[in-house]
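Each of the next two complexes has chain A plus one more chain, namely chain B in the first and chain C in the second.
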Partner chain A sequence: MKKKRNVLPYAMLIPGSVLMIALVFYPIIVTFYYSLQHMKLTAPQDNRFVGLQNYQKILSDSSFWYSLQNSMVILVVVVVLTAVVGLAIALLLNVDSKLNGVLTAIAIIPWALPPIVNGVMWRWIFHPSFGFLNRLLLRLDLVEQPVQWLNSRWSIMLIASLVVAWRNIPFCAVVTLSSLQAIPRQIYESAVIDGSGTWQTFKHITLPLLVPSFGIVLTSTSINAINVFDEIVSLSGYGDMSKNLMIDAYLRTFSFLDYGVGSALTYIIMILAGILGLIYIRNVYREVSYL
Partner chain B sequence: MSRKKSPAFRVVYTLAIICFVAFSLGPILWSFIMSITPQSEMLANSTNFFPKNPTFQNYIKLIADSDQQGLLFRKGLVNSIKAAFLSLLLGIPFAVSFAYPLARIKFKGVKLIRDILLFTMAIPVFATIIPLYRLFVSLQLLDNLFGLVLVYITSFLPLTVWLLISYFDTLPRELEEAAYVDGCSRFGTMVRIILPISYPIIFAASLIVFLTTWNQFQIPLILAPSHATKPIAVVASEFVTKITVDYGLMNAGGILALIPPSIVAIVFRKFLITGIVGGATKG
Partner chain C sequence: MKRILSLICCLSVMASAFAGCGSKPAESTSSAQASPSSAPADSQAAPEEEAPAESAAGGEITVMVPPWAEPSQELLDSFTAESGIKVVMNIVGWDDIRNKISIAAVGQTAPADVVEVDWSWVGEFGATGWMEPIEMPQEEKDGMPTVQSFIYGDEVLALPYANDFRLAYYNTEHFSQAGVDAAPQNWDETIAACKKIKEAGICEYPLSFTLSATEAATTSLLWMTLSKYGDFFNDDFSVNKDNVLGALTFLNSLVNEEKLIDPASQNMKDIEVYGKLTAGAASFMVGPTYFIGLINNPEESQVVGKAAATLVPGNGTIKTATFALPEGVGIPKYSENKEAARKFIDWYTSPDIQVKMYGEKGNIPTRTVALQQLIDNGTIEGGDVLIEQSDYISAPFPGGIPEWYPEMSNTIYNSVNQMVQGALTPEQAYENIASRVEELRQ
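Right after this comes the complex of A and B.
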């Protein structure tokens, strides 16, 4: 009986572990090995160990810093947009209303959709001649000529961030709403008795109590923002102007067939995402207490 | 809130709701309008918002026509449906079997495995894709639905396992102890006692599995190079880049690809919210 107890948990873990080891952990190690190789598919005879040279090559390449800048802009804009709009929607859904069922359904739709298709749809909002925004602006006589929204680096980055935020905001709103509703009513009542106004109550009671779940939401949002790929592809293709780190890694690996440098760049991205992952784990384990 | 709502509050609330709905559904609505706009009106360079002669021709083309675009589209649709069912069929038993011991049985290494699981959520797809691609080439698994689904499972396993763990954690231990006293085995207890009362979270996990599979792009982009296994999301994106220059058709393709996940989101919102919230907390 006792022996059986000890074997069962391990036996149940086997299928999942085998799959994760074979298709995640083993490939990650192999990728690291590739990243230390000179390994171009265009010159297959020339594979050799080069140590950290690929990493050096990337770090001294202005293309990397360009993509990193783009990734960082996306990261910051996505996190700020997600936090502000997500909180606003949570507060909106927290108001007692007959519409809440419908509104919640509307709120989570963007989260459920394929990111690649989201990018395609948003492209038609910003398209110079068929786009909704230009038609609106032309109609209202706010512009005379159609605006080329998807033609410059920073405007593509801002639009890409908006589209990425669009699918992350529902997650933020729903989690924030549930923590809003978990705050005991008595806390608000005693604040009112103490003469606290609406804004003061919000600032000193509601916001601090939302911090733990916000920590989780925003770290997971930043992991998503670092790993953005689909939306940029559908908004502006694999172009050089709009590339972030992920697109850069994709191009180096699958267009230029440079597996060595591509793997090294992927590792750099993974380290960035990994740091965020560690913060995420810390946030998840932090207890929420209302005392 | 119990206080009476002032007229000013009502105005602000209504405006905010309009903005929120426009922001959430606007792009979908505009894409739908474009999908029912005839090509001639689209190219007329007008500033009209609605077409004068809306047409569902693009949808008919994709659903019923036997030209190349329709065939590719329907193949993608069938591939996605097959992949989703296979993911559910294999992924949920994998996840339950992995989560249960981590939540309910004390043994060495539980904390470490939990941490590793959380950490894998941060790993970008490309960190594994080159070796996977080569592995798939050598095993002749490229364009094999089963192989593809196994990779999908690794992409959602950490999240679904985490969800299940945080739910199992909240169930009282007495449930199992009573079953053991009655002579139930560990495995029997899981199947007969714990799993039946966990159906909301298992269902939520299944919905997330469905959505993650439906929305895959990067993995099939590399591992499903031919149309034999290419899912709908990839086909819909190819409509933009290579298959057609017909804007109406592109939008119709996108809208059709959105229908299954939208229905899931609307019909099962309560379960999904349980899943979303459960995944973001320790439980």
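Right after this comes the complex of A and C.
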């Protein structure tokens, strides 16, 4: 007997597939095509195929390695800050209290803020002349002159990381909190019966069971940290000193109108983010066992 | 039956999605044209099949300009009343407009029907062909000298609305308190006066200067070089080493040795740096021409009656120097309302509106007749200085603004910014600039 084919599932896939093809796959293919071209918009007559020369040019450019360094510094600081503070907040919110709902709602606010708003707000805190922090320090007589927070590479990196972490911590806290609340109480009760102390319980039960969700959170945070753009631009503009990979790609593509090199750099960033994304997907499908 | 219904639903969703994506821009334009109640009756009565995609006698246009170019609603209403064209203003930060134009142009669209065009974008906009050439008779060009800054090849890419060049301003009260009663005539006198002001404790950082990694730092180095040492470029477009290195060394000493410039300027926007003078927190600056009206506007300035304009200081044989940094408005190639956009530009840059815009925003008119009117009736205080300074406007770029100006400017402002932060010596900053210009010239 001939089996009747069910076309409905395929039909249901069409809208999503069309959107994915138009908004994801097509740009990826076009960007790759551009990355193999000499394509400077101010010299349209000079467009030509150059193979991997644009990639070669980027990898031999000290500006790329400088931007990569900045991106990596932000990545490490953001991941560490998000992990530590996010976990601490999740543990605090996990304590039974009537204020939990309100506190969770407050904690989520920074996550809900658009990155550009976040950046502008922090700029007014760290403004070199009339920022909130300088005003506070001057009023408390802790400094004699306004501190130039944004005048050195490493202080900008640190502040940018703080700003990005501030936006990511709520997500980390909420996901970790939900994982904490999903851990069966019986495990803790057994541990208490076996004579386990608070620290031992945390170290040997809570922390290992949080690892899968933590993996997801940190990989997502890492991708956010690599893609940070608005916050740095709000804090210190498009200057060379604070530029990361995203700003470098933006400048090459849209300021210098070099779409060939800009596309190649975008591809390199995509590969870096893709590696982190792979880790993310693996963590999503990791099985969790509480016993 | 259930499956058939599901399939129908699915197809309906897809169809509506495609319908949403596929609506032609021309359709939205025609609907916009029909909406204003002020549209003339004849355009409304025109048969639908004969209605053009755009109409000069009605419709709606979008205008993307920075805050200082925004006309009041009253002025816009007067334009709508006389033309039937509704104007939607899109006010965007100056820095972002160029990138919005380029991103949109790559996608073969226009970010607005009328857009800001800065003098420094003309080279690349001309090379890429992103702007619609504007027809302009010679006699009209003669009455608007700064339009020369917007000509690429033989084509006018934009009409200037703000006649900006650099002019010096000083706080007369600070100067007299320090025992200096006359405006400084050259850089030596300026620095000597600023030192006296600092030593007397009148102002900690008397000299206001843009040092952040932005376009303003590039133009500052350009006028500083021109006024103190001479040309920035040689005739073959290579960088003049003596002049540029001299200017960089001088600037570095003002920040890091004399401490006359606020280190916070290294990370402040240009408008914040200029605002130090109007806030009474600086004693001297070289800034945009519109400050000539702003310094005595009680709503904007805290130094009303205590500040004056003077010529940009010179040095030795150079009495003074400046160069034009006009801003204009143009029509993107991909605008769908070019005719209406042109009507707006003609209105916006007309003498009458330029006079009114000076009153509203302090933009110095670009039409000679409008500027003369404001000076003659005493509206522009210090107009004689303005006129005298304009005699010393020179073009810093031999052969016009190059299409690689943004890349060069990026290197200049980053080098200046890193030098004043101590990351580069003046020699290294010069080498960065010279080698980059050489590379771009190739």
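The criterion applied here is as follows: the second predicted complex is superposed on the first by the 286 of 291 C-alpha atoms of A that agree within 3 Å, B and C clash if a C-alpha of one lies under 4 Å from a C-alpha of the other, contacts with A are read in each partner's own complex, and residues count from 1 in each chain.
Just so it is clear, a residue touches a chain if its C-beta (ideal position, glycine included) is under 8 Å from a C-beta of that chain, and two chains touch if they have at least 3 such contacts.
The structure displayed is predicted, hence computed values, not measured ones.
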item: Partner chain(s) touched by A:Ser129 [first = chain B, second = chain C, both, neither]; value: both
item: First, second, both or neither for A:Phe171, with chain B first and chain C second; value: first
item: Partner chain in contact with A:Ile232 - chain B first, chain C second, else both or neither; value: neither
item: Which of chain B and chain C A:Pro15 touches, first, second, both or neither; value: both
item: Chain B versus chain C as contact partner of A:Val77, first or second or both or neither; value: neither
item: First (chain B), second (chain C), both or neither touched by A:Pro110; value: first
item: Which of chain B and chain C A:Ser152 touches, first, second, both or neither; value: second
item: Touched partner set for A:Thr42, first chain B, second chain C, both or neither; value: second
item: Touched partner set for A:Val261, first chain B, second chain C, both or neither; value: neither
item: Chain B versus chain C, judged by how many residues of chain A each one touches; value: B
item: Chain B and chain C footprints on chain A, overlapping residues; value: 6, 8, 12, 15, 19, 129, 237, 254, 259
item: Chain B-touching residues of chain A, taken from the complex the two chains share; value: 4-6, 8-10, 12-13, 15-17, 19-20, 23-24, 26-28, 30-31, 34, 85, 88-89, 92, 95-97, 99, 101, 103-118, 120-125, 129-130, 132, 135, 138-139, 166, 170-171, 174-175, 178, 213, 216-217, 220, 223, 226-227, 229-230, 233-234, 237, 246, 249-250, 253-254, 259, 262-263, 266-267, 269-270, 273-274, 276-278, 280-281, 284-285, 287-288
item: Interfacial residue positions of chain B with respect to chain A in the complex; value: 1, 13, 16-17, 20-21, 23-28, 30-31, 34, 42, 45, 47-49, 93-95, 97-98, 100-102, 105, 107, 113, 115, 118-132, 135, 150-151, 153-154, 157, 161, 186-187, 211, 214-215, 217-218, 222, 233-234, 236-237, 240-241, 247, 250-251, 254, 257-258, 261-262, 264-266, 269, 272-273, 276-277, 280-282
item: Residue numbers on chain C that touch chain A, as the complex places them; value: 3, 6-7, 10-11, 13-14, 17, 98-99, 102-103, 105-106, 123-124, 127-129, 212-214, 262-264, 266-268, 272, 403-404, 406-407, 410, 413-414, 417-418, 421, 423
item: Chain C partner contacts - residues on chain A that touch it in the complex; value: 6-8, 11-12, 14-15, 18-19, 41-44, 127-129, 146, 148, 150-153, 236-241, 251, 254-257, 259
